[in-house]
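For reference, chains read A, B, C and D in written order, and residue numbers begin at 1 within each chain.
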Amino acid sequence: MIRVLLFSSLREELNSSSVEVPALGISRISCLVEKLERLYGKSWGRVLKGENTLVAVNQTVVHDNHHIGDGDEVAFFPPVTGG
Amino acid sequence: MIRVLLFSSLREELNSSSVEVPALGISRISCLVEKLERLYGKSWGRVLKGENTLVAVNQTVVHDNHHIGDGDEVAFFPPVTGG
Amino acid sequence: MLCRALIQEDPFNVQVETQRIRDVSNKMGGIVTFLGVVRDFNEREDVQSLYLEHYPGMTESQIENIAYAAGKRWNVLGITVIHRIGLLSPSDEIVFVGVGSKHRGDAFLACEYVIDYLKTEAAFWKKEGTINGGRWLSTRETDFEAANRWKQD
Amino acid sequence: MLCRALIQEDPFNVQVETQRIRDVSNKMGGIVTFLGVVRDFNEREDVQSLYLEHYPGMTESQIENIAYAAGKRWNVLGITVIHRIGLLSPSDEIVFVGVGSKHRGDAFLACEYVIDYLKTEAAFWKKEGTINGGRWLSTRETDFEAANRWKQD
């Protein structure tokens, strides 16, 4: 399984804070987003592919279409605004 | 009268924290120091004319042989070391 | 270098935290702290509350990474970062960064470095509550500029 | 800009002082503080105590002058300086400088400016007590350098 986490405005827009999807056939973030779109609707694709959306794999921000696989934790969130 | 204050190591070396001297004939710091030397001994001249001795007139540090007169407060002290 | 990174809902006590840093080493000469306060005029007026969310686990390790990077760059003895989450009100303290060092110059630089990177790199998100509803904030351009200064070496 | 300059024998409470600065204005966004600590290895080892003397009246107005100069140079809302005098021990807090401002960059600069000038301009004198007797300290060269940086504009 791949664990997907959503934070902040993305969590609110998609009305979900975490989902798990089977890892089968998912080798990159783009595959995961397509799968989420098929499972939960077009809004997921729009939000997760949004210009400002950041992605972290296993709690490290990744900048490209990163490899992922079974057991990974993939988080989507907007730019951070702490401090 | 001119009020003379001594601080820190100068106070300890001259064993005095303040003295008052009549202002008559004293128009500059150099006159005051000569007067103090005559009144209290050579050590006063040596210490007050020391290379590192700073002088404040009425609580403002002065850099040259400043004018002084009756009612003034003249303080002698070493470089500051606070903070 | 001793690093302490806490994320909590509760308020913190600056006196307790600075003394804790002081007690890290008897070589401590000075402690520089930054205390962030919730303002009532962030990007628009009438802010009534601020809600803070983070990414448990990731945020803590990001903060530690920032602190250790500061500890490599400057001669510091202790760094404490405390960031509050949950619901806050204007004038509440939101973040504490304390840096203790032998010499104050290092502490000033390291403290500003940590807060600058924390603002642009650590996984926190702020939502303002105003009389017209809630709104997630976006990163300030000035915060990116502040963090980028440290790269010009 | 609200300025508060205190010289006292008693310890101070950093929590109370930072909250006091915070409450100066509801525009307050951040507070930077510097806390100086008595080290046990100033210029030689075995420091057992530190005695501090000042010039009552002059020292207070010098501190206020430094604070107001910082307030003219940067956009700050409140500055508090507390300097202890009398007999102190290693690890005692000796000086507090707190600067509150709308934006943190101003507070960092103004706080460092105030402590740098305080170290070289304000009428305080330190005497270390060691096992071999007392010794008045002399100004550190690094403190002059720190203060001189602010003149290079």
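A few remarks follow.
We adopt the following convention: a residue touches a chain if its C-beta (ideal position, glycine included) is under 8 Å from a C-beta of that chain, and two chains touch if they have at least 3 such contacts.
Treat the numbers as computed from the prediction; the structure is a model and nothing was measured.
By the document's definition of touch, subunit A and subunit C have no common neighbour.
Fewest steps needed to get from subunit B to subunit D, stepping only to touching chains, is 1.
Using the mean of the Cα atoms as each chain's centre, the chain most removed from subunit C is B. Once the centre of each chain is set as its mean CA position, subunit A and subunit B turn out to be 76 Å apart.
One inter-chain figure worth recording: subunit C and subunit D are separated by 23 Å, centre to centre, where each centre is the mean of the chain's CA atoms. Inter-chain spacing, taken between the CA centroids of subunit A and subunit D, is 50 Å. Among the residues of subunit B, none is found touching two or more other chains.
Counting partner chains per residue, subunit D shows two or more touched chains at residues 36, 115. By the definition given earlier, chain contacts exist for A-C, B-D, C-D. Here subunit A touches subunit C in the complex through residues 5, 7-9, 12, 56, 59-60, 75, 77-83, going by the rule given at the top.
Interface residues of subunit D, counted against subunit C in their complex, comprise 13-16, 18, 22-23, 26-37, 39-41, 90-91, 93, 102-105, 107-108, 111-112, 115, 142, 146. Against subunit B, in their complex, subunit D makes its touches with residues 36, 52-55, 57-59, 61, 83, 94-95, 115, 118-127, 136-139, 143.
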